[in-house]
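What follows is a pair of complexes built around chain A, which joins chain B in one and chain C in the other.
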Partner chain A sequence: MEPEYKSKYNAHLIKVILVLIVLGVGGIAAQALFIPSDFGEYGHYRTGAVEDEINRLVRNQTNESCLKCHPFIKKIHLGGVHKTVSCEFCHGPNADHAVDEKKIADMPVKRGKDIKTLCLRCHNKIIRARPEESIKMIAMPQHLEEKRVQTTHICNQCHHVHAPMKWVIEAKKAHGLIKEKEGLFPWMN
Partner chain B sequence: MQGVAETATAVAGYAFPNDFHVHWSLMIVLYPYITGIVAGAFIVSSLYHVFHIQALKPIARFSLLFALAFLACATLPLLNHLGHPERAMNMFLTPNPSSAMAGFGYIYTAYGIVLILEILFIYRETLVKLKDQASGFMKNVYGVLSMGSDNIGARALALDHKVIGFLAAIGIPMACILHGYVGFIFGGVKANSLWATPLMPVIFLLSACVSGIAGIIVTYLIIKPRAADSECIRSCIKFLWGFFILDFVFEMLEIGMHAYLSTHHWHALHELFWGPLYQSYWIYQVLIFSVIPFFILMGLSLIRFNDFIVKLFGFIASAMILFQVLLMRWNVVIGGQLMSKSEQGVVSFHPEWIAKEGIIPAIIIMVLPLIILFILSKVFPFWLPAESESSSSK
Partner chain C sequence: MDELKLSEIREEIQKDRRAFIKNVLGGTIAGSLLMVIPAGAMEFPEQIPGMQDETGIFITRKKFAFIVDITRCIGCGSCCVADKNEYKVPEGNYRTWVERYIIDDHDNVFVDAPNGGLDGYTEPREDVPNPVRDTFFVPKLCNMCEKPSCVQVCPVGATFQTEDGFVLVDDKRCVACSYCVQACPYSVRFINPVTKTADKCTWCYHRVRKGLLPACVNVCPTHARKFGDLNDKKSEIYKIMRLPHIISVLKHGMGNKPSLHYLGLRREVV
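Showing the complex of A and B:
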């Protein structure tokens, strides 16, 4: 003899189905509540998002913007092998420094040991993806040992950060190791 | 001409972003790992509930709860990886059927509902009985979990049985889709020559089955080292070996296909497999954690050893296979990003211990499912003394 139960044999199944229906209806209600009214007018996006993106502050600029106000650096930078390197790659976004060509803050400049870290971002031999023929790859401190300088040396003690071979070539010329060359920027070689 | 040469040099030496930073790191290694364990554990349960492999009866319920515990944490690595995790729910507000990434949200949710319902229906009779014995807060908990019904008569249980059969039957393809999808998301990245292969979903699915079964064996033997059912362990080992044969063969076939086809990407893949992945792939994943457990499982499947040997070596082989699958995830996810986009060479990756996506958060995320499993064990009894006698325990 089966005992009497308070619930019907299928009561739990009906409840589960009802819960699923309620969840589904709740989902549809949430969509109606949270989806912005201009969503889907032209595609799977909010129309106002285009306006938002247009109004977003442009943080990055080209080298041209930077060099416009820095003629001295321009001469050196464009004359060296780093001429294709973006200013922002080392200094950070233009927007942190100038807005509408007006200076708002000092540009971050790396100094001391930070210079070494910065240089090794590109020149570290551990990054095996760099072809040797297009970029000088070095390992520290072997490079310093090979050049017979102290291993505590920072990169910019020998290399000008904007034209890395500038001082090296000038020093070699001064010691007669290479001949004087004509031209405005002889260290370009 | 000098200008052309300079331009070419500048392009070849361009600093691509992946040379500095592996964007999909440890969290994206864990995501397919945890999801795979979920899918695999569900398949163990289905082998009993749908295919009526009687030897797996002792772990049929446990494996469902095991799957639920890991399912509850499957999204954590993704949420931790995201810059704006709060936007995750947008995929439900504005569903985009053509988004492969959003696909996970839909599959995961649907599968989660099926899994929870299946557990509730399987446990309903037990929960109703526990509700009668419980008092206070737990009585309310059991009342909700038993779906507000006290009817455990023959007719109600027969209905439950039908529902369970239906849920288990749709649960199998859903579990397969859940993990096949994870393979799809990698296989669909056509810019990555390591990932972009139609074999990827198959390999991910098979490794999911392998990791799920291995995870069940390991935890079952940790919880019940002596009392674990030997015949059940033997059956699990045979299924593990079977799935692992397929998994391992497909893994080797994939790299064999790459090598034989020798497309223009092969030089980059070759450099990858014999460069930064040499140890983690050939030495660890293939040689140590695939070949050794393969032969252990073969021995345990073909020769009848005594129970102690079966449990001991079954545990060792399963633990090794769990690690093999983790290594496979690592080698696929991280390995795929170690090739420079320039295809000029490879880069290296070393995970940090303390970082947002570092080793410590990874450990925490892997321990969380075990804590959830422990909490679940306080509500849902994994093993019932009367389970073997009860005809309705399915």
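Showing the complex of A and C:
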């Protein structure tokens, strides 16, 4: 008589099928658990991620938002050559200073030597940036030597930080170097 | 939820504030409507024309491009400061930075970027032995590739390209495996040490969606950074791209098709 190789009960088959079913159900459950429902709506990503990004807080604002609350600075700043320069670069982001029309914390203000460093970031001839035509550059200390003052002078002693040519033009007017209504750009200082 | 246009909502509000609120509370207008209005859309000036009417999940009528004019950059680092402030980027990481290139008359190229240009460039470089032929600054940021390799390699769908062409990172899904950091040909990606996820420049997607310019573009004092809509015939971007300027992209041969273009780029720049 031949030995019986086959099991009568197909137990081995049933075991394999059971394992497959468990794995399948487990897989589907894991997928439902770990893949968010909005995944793959438009591509291989979560649609909510786009919304999250859109809702990120805007921390830097425009100059207009500063000027709303600073009418005095507004008059000076918009009348000068710095009218396009960002308030927030020289000071700090709006979000740390004003929220919902209310001041929440002090705005940083540079003083003394820090002002010179600040001005020279944009007006430094010595680093030989190319675009002399887009912005006027000066060299230190030659700029002060030309004006025959001590080289310890800080920019804001002669230049109004918010309208750098304001005092220069006023001084020239006072000395009769330019006429009252004259100047290179009388509306701009 | 997406069908209601922002302009319609505005109209509704203008017509009768009280009735509008009543409607919202009463459920005539879906309560979730308030979530659709981009937070604070109305409190910002519209720097990008027509942007505040784009209220769908994606921008549909615009195709954005970024142009950096090398001939105008003065290396002041305003952009870096604005970027740091906008995102509170941790110390030592940069979403955007400004490199200084110096080329001497022997064709040697010297590149440096102390602190990513965040403090500006206040001192000339002392270690250039020969007379300098040209000095210029190259701002770097995300190239927003049309065929982004970072998206291709992400195993969990955390970095992706939106239908309007922006490449973004989902920090809830990112597992910080750094594949994308390795894959980016422009090295704009890093692992943010605070969130412990991949991070990079997004061209300020959240600002753009509210009609504001990217923070770096907004502060640039010499207008070296330009951002705009290629579909808008009145935009500066459109005009520049149509003029016979020298316009190039970085690492053209990689085939990533960047939407970031450089004006007046020297071939020495990589």
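The working rule: the second predicted complex is superposed on the first by the 131 of 189 C-alpha atoms of A that agree within 3 Å, B and C clash if a C-alpha of one lies under 4 Å from a C-alpha of the other, contacts with A are read in each partner's own complex, and residues count from 1 in each chain.
Basically, contacts are C-beta pairs under 8 Å (C-beta built on N, C-alpha and C of every residue); 3 or more make two chains touch, one makes a residue touch a chain.
Predicted model, so just to flag it, every value in this text is computed and none were measured.
Peer 1: By the touch definition at the top of the document, which applies to A:Q31: first (chain B), second (chain C), both, or neither?
Peer 2: first
Peer 1: In the superposed arrangement, does A:T62 touch chain B (first), chain C (second), both or neither?
Peer 2: Only chain C is touched by A:T62; chain B is not.
Peer 1: Can A:T151 be said to touch chain B (first), chain C (second), both, or neither?
Peer 2: So A:T151 meets neither chain B nor chain C here.
Peer 1: Taking the superposition on A as described, I'd like to know which of chain B and chain C A:V50 touches: first, second, both or neither.
Peer 2: After superposition on chain A, A:V50 lies in contact with chain C alone.
Peer 1: Would you sort A:R121 into first (chain B), second (chain C), both or neither based on which partner it touches?
Peer 2: both
Peer 1: Using the touch definition from the top, say if A:Q142 reaches chain B (first), chain C (second), both or neither.
Peer 2: Once the two structures are laid over each other on A, A:Q142 reaches no partner at all.
Peer 1: Look at A:Y9 in the shared chain and tell me whether it touches chain B only, chain C only, both, or neither; answer first, second, both or neither.
Peer 2: The answer is first: A:Y9 touches chain B but not chain C.
Peer 1: Just chain B (first), just chain C (second), both, or neither: which does A:F39 touch?
Peer 2: both
Peer 1: Examine A:P93 and indicate which partner it touches, taking first as chain B and second as chain C; both and neither are also allowed.
Peer 2: In the superposed model, A:P93 contacts chain C only, not chain B.
Peer 1: Starting from the residues of chain A touching chain B, keep only those that also touch chain C in the other complex, and list them.
Peer 2: In the superposed arrangement, which is not itself an observed complex, chain A uses residues 39-40, 44, 84, 89, 121-122, 126-131, 134-135 for both chain B and chain C.
Peer 1: Using the touch rule from the top, collect the residues of chain B that touch chain A in their complex.
Peer 2: 9-10, 12-13, 15-16, 19-20, 92-94, 96, 113, 117, 120, 124, 146-156, 159, 163, 275, 340, 342, 344-348
Peer 1: Give every residue of chain A touching chain C within the complex, in rising order.
Peer 2: Chain A reaches chain C through residues 39-40, 42-47, 49-62, 64, 84-86, 88-89, 92-93, 117, 120-122, 124, 126-131, 134-135.
Peer 1: Tell me, which parts of chain C touch chain A in their complex?
Peer 2: That would be residues 38-40, 44-45, 47, 57-58, 70-78, 81-82, 85-88, 100, 120-124, 132, 134-137, 157-158, 160-163, 168, 170, 172-173, 202, 205-207, 209-210, 212, 215, 218-219, 221-224 of chain C.
Peer 1: If we count contacts the way the header does, which residues on chain A are in touch with chain B in the complex?
Peer 2: Interface residues on chain A, with respect to chain B: 2-3, 5-13, 15-16, 20, 27, 30-31, 34-35, 39-40, 44, 84, 89, 121-122, 126-131, 133-135.
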